[in-house]
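One chain, chain A, links the two complexes that follow: it is found with chain B in the first and with chain C in the second.
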Partner chain A sequence: MKSIFKKKNLLLLGATFASIALVAAACNHNDSSVSSETTARTASGPGPKVGLVFDIGGRGDQSFNDSAAAGVERAKSELSATVSEVSPNAAGDNREELLRLQAENQDIIIGVGFLFGPDIEKVAIDTPEKKFAIVDGGPNDTSPSNLAHLLFAEHEGSYLVGVAAGLKTKTNKVGFIGGVNISLIQKFEAGFVAGVKSVNANAEVEVRYITEPPDFDGFNDPARAKVISHAMYESGIDIIYHAAGGSGAGLFADAKEFSEEMETKVWAIGVDSDQYNTVSDDLKPYILTSMLKRVDSAVFGIIQDVDNNNFIGGTTPLVYSLATDGVGYSTSGGFVDDIVDQLEKAKQDIINGTIQVPSSPTP
Partner chain B sequence: MTTTEPEKTNNPIDAPTNGSEHSGQARLPSVSILDATRASFSNLFKKHRWLLWIFLSIAGVFLLTITEFFAVPETMDLTSSGTWRVALAYSVPIMMAGLGGLFAERAGVVNIGLEGMMILGTWFGAWGSNTDLFITQLPDWFNGPWSGLFFGVIGGGLGGLLHALATVTFGIDHIVSGVAINLMAFGTTRYLSSKTFATKPLEGGGLTKSPSLDKFQELDIPLLSGILESIEKLKWFFISDFARILHGLTTKLSWATVLAYAFVPFVVWLLWRTSFGLRLRSCGEHPVAADSLGVNVYKYKYYAVTISGMCAGFAGAFLAIHLTAGAGYSEGQTNGRGFIGLATLIFGNWKPVGTALGAVLFGFADVVQLRDVNAIHALLLLVSILLFAFTLIALIRYASTGFSNRKYLIQVIGTLIGAATIFVWYMTTKTVPTGFPQAIPHMSVLAVLIFGATRLRAPAAVGMQYRRGHEN
Partner chain C sequence: MNSQKSNNFRSFGLGISTSLAAILLSLIIASLILLISGSNPLQAYWDLIERGVRIDIIFNILNRAMPLYVSAIAVAIGFRMNLFNIGVEGQYAIAAIIAAQVGAKVGVDLPGFLGILNGPIHILIILLTAMAVGAAWAGIAGVLKVTSGIHEVISTIMLNAISGSFLIALLLKEWKLDDEDIFQTATIPKSGRLPALAKVTEPGTAVLSSFLIIALIVGVAYWIYVYKTRPGFDLRASGMNPLAAQASGVSPVKTILIAMLLSGAIAGLVGMPELLGPAGKPYYHDSFVGMLGFNGIAVALLGQNHPGGIALSALFISFIDTTSIVLDANDSTPKEIIDIMIGIIIFVMVIAFGYSKKIREANEAKQSALVLAKNGSSPPT
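Let's look at the complex of A and B:
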C-alpha cells in the first residue's frame, strides 16, 4: 500500500525535474522569452523597433488585429522597421506582462484595442524613455506624454454605411447589432442611425446590443448574434449593420440562411475591415458593404511619427476621420455601385463640415 | 460519508403531510373537499406520470398567455413560434453540457472541465465538417455536419479521457484537473487552428475562426404544422397561443436537435433501468461498497467521464455547426455555456429530465431577452403570478391543517411578500436593469438552492478521490 505513495513521490520528483529542465531550456533561447500561449515573430531592419501586442483573437482574425498587422507590415517595408508581435492568451490577463516584455526591447510599443487602456498607461508611466500607443483608447487627465491615443471617427464611417442602408432598404426597416453596450460601440450606432435617417426619414432602425458591460462576451458569440439577427429579419428588417467583432460571423451566416429559407434577399453590413474579402464565397453575395476602420493607417502613421521625431502623446488623442481616410466604406462586390454618388456626396459634406455626425445616440 | 434521506424527498408530487391525514374531524367541509380533490389529483399523477407533464405544460402555457395578455409594455414574443423554435435549438448545448455533468457526477467525478471539452467540441466540429480542406485522402462521408458532430464528440471524449486519467488514475483533485483542461483547451485549439484553419484564408479561415460549414438537414412534421398553422390563425385566446408554441417546436427542427432531445429519455433508461447505470451510479454513491460487490470502479468512472466529455463535445459541435447558422468555429464562442450546463445539473437535482428542463428554461430566457427586451420585463409579471399561485397552494395546505401548522403560515407570508415585491417592481418600471437577463441562470440556481435545499441531493461520493483498497 505504501508503495503507491512512493511511486507517487517518484512521479512528482520526475515532474519537478522535467519542469526545471523545461525552464532551463526556455532560458537558453536568447530571443524574447515568450510563453507557449504567445507567438512572437521578429524581423530585423535598421528602422524603428516596434513591439505590437494584439487584442484577444490575435493575428489572423481578419478584422481588427489583421488590420493593425497590415500597418506594421507596411512599416517594415517602407521604414525598414523591426517588428515583434505577441498575442495575449485567450483570457487576456497577461496584457501587462506582454507590454512590459515589449518595452524592454522595443522603441515604440503599440497595444491594439481599448482593453489595453489601464495596463498600457501603467507601463508607460513606469518606462518613460519608451514611446507607447494605444488603438481605440481615449486619453484621460493623467495620461503620460509618452503614450499616444489613436482614435477613429467611427461615427462618420457608420454614417456612410447608414446612408447605403437607408437607400437600399426595401422594407424601410433596418437593424443595428452592437457587441457590447459601451460608448465606443454607441458611436457606431449613432452614426449609422443618423445616416439612415438622412436619406430615408421614414425608415425605422432597431438597435440591439448582445451583452452589457462588464460582460464582453458579446464580441465573440456568433450564436447569440444569430438569434438577434434572425428575430430582426423575421420582423421585416432587410439590412443589418453589426459592430460586434467576431459575433458578426453569425449575422453573415444568418443572412444567407434567412434569404434561402424565405426566398427573399436580406443584407448584412460588415465592420472594421472589408468583410466581403474575409468571408467564404457562399456568404459574399450577402455583404452589402463594410465600414472600414483603417487601423493599418493609424498604426503605420504612429510608427512614421516616431521615425520622424513627430510623436505626440499625452492628453490629446490623434483622431483618424473621413478627412484623413482613417474611416470609410467598401465597394467590394459592387452592391453599392448604383448609389456611390450619394455616398461620395455625404462623405464630402462630412469632410466640409456641412453634416455634423452625432457621436453618441440620441435618447 | 453522509447518510441521506430516503427517496420520498425527491418526489415532485407532494406526499400528503401528516397534518392532513389525521385532522379530518376538525375541518370545515369545504376544506375537506379541497383536500379530497388534491389527494385524488395526487394519486392520479402518481399513477400516470405523463398526465402530470401534460398538466404542467398546459399550466405553463396558460401562464405565458395571461402574462402576455396583461403585459405592459406589450410583447408578443413569449408565445411566438419563432422564439420557441430558436429556444429549442439554443438550449441544446446547455442541456448536453448538463447531461455530460450528470454522467460524471453520478459516477463521483466533478467535471469543471466541461467548458474546455466543449471548446474541443467546437474546434473538432468545425474541422470535421470540412476535412477535405485538410486531408484529401479521407472518404467523402467525412465531410458535412454529421462528420463534424462525430469528430466533435470524439474531441470532447478525448478531453473527458484526459480528465479521467488525471482524476481516476492519478488521483488529482477534480477541480484542479478541470480548470487545467479548460485552460489547455484554449491553447490546444489555438495551436491546432494555426496549423489548419489559418492556412485557409481564402475559404474564410483564420487563427481564431474556421471556414464556414454546412448545417444539419431540417425536418417539418408535414400534416401537423398545417393544422397548427390554421389554429394559430383563429386567434383564440390560449388555444392559438398553444398552437403557436407547438408549431414553433415542430417546424424546421434539425435532426441533431431531435437526436439531442431523444438522448434525455435514453439517459434515464441507461442510468436507471440497466445494470450498467446502476453500477455507474453506485460508484458515485459509495465506491467502496460497489467495489466490494465486484464493480470495477475505475472502469466505470472512466466510462462515465469519457461519456461526459463526449456529451460536452456534442454540445460544442452543435454550437459551432448549427447555432451559428454554419459560421463555424470562432475562438471563445462557448462563453461559459459549459458552466451554465453545470448549473442546470444542480437545478435539475442531478436528474436527466430536471437538467433538460433547466437547460430549456435558461435557453428560453436568453433567447427571449435577445429577441425582445419587453418580453423579459413581462417575465417579471410571470414570476409574480407564479409566486402568487404558490401562495394559494400554501394557503390551501394551511387551511387543510386547520390553520394550525406554522410552517405553512410562513410559506404563505413569504411567497406573498415575494409576489407583491416583484409585482410592484414590474408596475413601477418599463424595462429591467441591463445585465439582469444574463443573471437569470445564476439567480434561478440560487433560488433553487435556497428553496429546494432540502430536496437537492448530490451523489454522496461526488468529488472524492477513490483508491482501491483504501477506505476514504
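Let's look at the complex of A and C:
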C-alpha cells in the first residue's frame, strides 16, 4: 500500500506544519511591534475623526481623488483630525459596506465621487448620529439632513481659463477636449467657450469628446486624447483645454511633441488640480494654466464645519464657486502673468454678477 | 469493490489536500510579503477574523458568496466536459440588463386570492428571462464550436467584449431614464424583488438575501444532474475521454450544446441578487457589479467543480473580500494583499490540477496492473 500518493500526502502534511511553524516564528519575531501598532491605531487625536472613501482609482490619480486626499491632509495638520482612508474593490460592489465601516468608527464620512450617491444616502439615513458628505453628488427631495452635497461651479473657473486662451491664442483657434459627453463635462465646455468669446469674438473653438456615455473610459484614455489633440494642433489650434481626468496626460505629451516637431509653440490647459505641479519637468513649459476645482478646499471646509458645529446638510447643496475660491485658475510657471489683470477683472465681474456664465453649451 | 471505494476516498482526499495546499501556500507567500513590507501578518489575519465573526458581516459574506457560488457552478458545468466558459462575465451582464428591463416593464396582477402569487410569478419571470438570455448568449459559443470548431475560449472572450462594450451600452442608452446623466434602467417594482431572509441592526445594519435559497437549489440541481443522471454521466464521460464517450454512443455535438446552454442559463442568474435585492439596487446601471464571472473561475478551480467544494471556496473568497476592507481602514496593512492571495491560489490550483491528475493516473495504472497480475497468476479453472 505504499503508493506515490501516500508519500505526497505526507510531504504535503509536513509542508503544512513547517509553514505554520514558519509563519508563527516570523510573527513572534514581530511581537513587540504588534502592541505598539495596536495602540497607535486605537489612539485618536483631539480633532474630528474623518472617514474618507475614495472612488475607484483611489489615492495617486493626480486628479480628483488626490485633491480630496490633500484636503484631509490639511485637516490633519490644522484641525488635528484623524483620518481613515478606504477604496472600493475591483468589482465595485462594496461601496455601502465601506461607508458603513467608516460610519462605525468615524464622525464624518466623505464619499469622493457621484457614484456614492444612492449608497451614502442609505447609510446616512441609517446612521443619523454621524455626518456625511458627498463630492460632486447633487441632492434630491429625500436627502437627509446629516448628508451634505459638495458641488462646484466648474463653468466659472472654465470661463477664466477661456479668457486666458482667448487672449493668448495667436492663430485664433482653440480647442476643448472633454472626457465623456455628460452634462457635468458640458459645464466645463460652456464656461470655456463663453470665456474665449468674451475677449476674442473672432476665435473659433473646436469641441471634441473622447467617449459617449455610458462608456466612461474617456476619463482614463490618454492615447485617444492624444489622437484628438494631434488632429487639433495640426488644424492650426494652438491652445487646448481638457476636462478629461487621467486622459489629459496624452494631451500634455502631445503639446510637447508637436511643438518640438513643428518648431512652434502650442499650449495645453490643465484641469481640477494645478497640473503644472503634477506633470514631469519636461512638460511644465507647455501648461499655460489650470482650471482649479478645489475638492481639497471643499473637503477641508466640511471637516471644519463639523469641527465648529456649522455643518449644514439636507436638500440644499453647498456650491463652491469663484466667490468662495472653490474654483479658480493657476499661475504656476508664470505664463499668464501678463494677463493677470484681465483675469482678475473677469473674476470680479463674475463674483459681483456683472457676467453671467452659462452652465450648459448653447446649441 | 473495496478497493474501488478506497480509491474514491483517496482521490477525494487528494482533491481536498490540493485546495488546502493552495490556500496555505498563498497564506505563506502573503505573510512573507507582509513581513517584507513591514506589516504584521498575524495582526492582519486576526483583524479579518475579528470582523468576520460579527453577525452583520456574516450576512455580507453570505450575500457576496451567493453570486460567486452560482457563477462558479456555471463555470464548473463547462469544466466537467473540458469546456472553458470564460464568458460568464458577459453572459450575466447581458442577462441582467435584459431581465431588469423585463422586470420593470412586466406587471403581474392576478385577480382575487390569486393576488398573493403576483410576487412569486413576477420574480420567476425575471429569473427565467435572465436564464434564457444567458443560455442564448452562451449558446452562440456552443453553436460556433460544433459548426465551425471555433474554440470556446476565443468565442466567449469575444462575446464578453461584444456584450460589455457594445451591446449593453446600446441597450442602456435605449432604456435609460430621462435624466440625461443617469444611466440606469427603470426600477423593478416591489413585487419583483426578493425578500430578506433576516435583518439585523446590531452591531451594524445588514440583510440576508433570500437568493440563498436559489443558490442552494442551483447547487443541489447541479449535483443531481452531474452525478445522478444519464446526461450528466455523458457530460463527465465526454470530459474525461471524449473518444471513448463517442465510441460508446455519446453525441459530442449534443453534449457540447447542452453544456454551453446549461452553463449560460446558470450564468444568467449571477447578477440576480444584485438586481432583485434586498441588498443591491433594483435596476441595471453603468457601474453594475462586475468581475463575478472571472472570480467564479477561481472559485470553481479552488472548489474542484464539486458543489460542496465550490460552496466552501465561495465562502472563503467572499470572507477575505468582505473583511479585507478593515485592513484598509486601519491603515496597518495594504489590502492589495488579498488580490495577491487570490492570484496565488489560482496559480497554485492550475498547477496542482495537472499534477494531481498525473498522480491519480499513476495510481489507477498501478491498481489495474495489480488486478491484472492477480487474475493472471490464478490458475485457469
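As a convention for this text, the second predicted complex is superposed on the first by the 314 of 363 C-alpha atoms of A that agree within 3 Å, B and C clash if a C-alpha of one lies under 4 Å from a C-alpha of the other, contacts with A are read in each partner's own complex, and residues count from 1 in each chain.
Going forward, contacts are C-beta pairs under 8 Å (C-beta built on N, C-alpha and C of every residue); 3 or more make two chains touch, one makes a residue touch a chain.
Please read these numbers as outputs of a predicted model, since none were measured by experiment.
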First (chain B), second (chain C), both or neither touched by A:169: neither
Touching partner for A:215 - first (chain B), second (chain C), both, neither: both
Which superposed partner A:223 touches (first chain B, second chain C, both, neither): first
Touched partner set for A:252, first chain B, second chain C, both or neither: first
Touched partner set for A:94, first chain B, second chain C, both or neither: second
Touched partner set for A:105, first chain B, second chain C, both or neither: second
First (chain B), second (chain C), both or neither touched by A:200: neither
Which of chain B and chain C A:82 touches, first, second, both or neither: neither
Contacts of A:234 with chain B and chain C, given as first, second, both or neither: first
On chain A, the residue positions that both chain B and chain C contact, one per complex: 4, 8, 37, 89-91, 215
Residues of chain A defined as touching chain B within the complex: 1, 4, 8, 11, 36-37, 39, 56-62, 66, 89-91, 181, 208, 210-212, 215, 217, 220-224, 226-228, 230-231, 234, 246, 249-250, 252-254, 256-257, 261, 278-283
In the complex with chain C, residue positions of chain A that touch it: 3-5, 8-9, 12, 15-16, 19, 22-23, 26-27, 30, 33-34, 37-38, 41, 51, 84-87, 89-94, 96-98, 100-102, 104-105, 115, 118, 126, 182-184, 213-216
Complex interface listing, chain B residues touching chain A: 77, 82, 86, 90, 170-171, 186-187, 190, 193-194, 198, 201, 203-204, 206-209, 211-212, 215, 252, 319, 323-328, 330-333, 335-336, 366-367, 370-373, 434-435, 438, 467, 469-470
Chain A partner contacts - residues on chain C that touch it in the complex: 10, 13-14, 17, 20-21, 24-25, 27-28, 31-32, 35, 40-43, 60, 64, 165, 168-169, 172-173, 176, 180-181, 183, 201, 203-205, 274, 279, 281, 286-287, 289-292, 295, 321-322, 325-326, 328-332, 339, 359-360, 362-363, 366
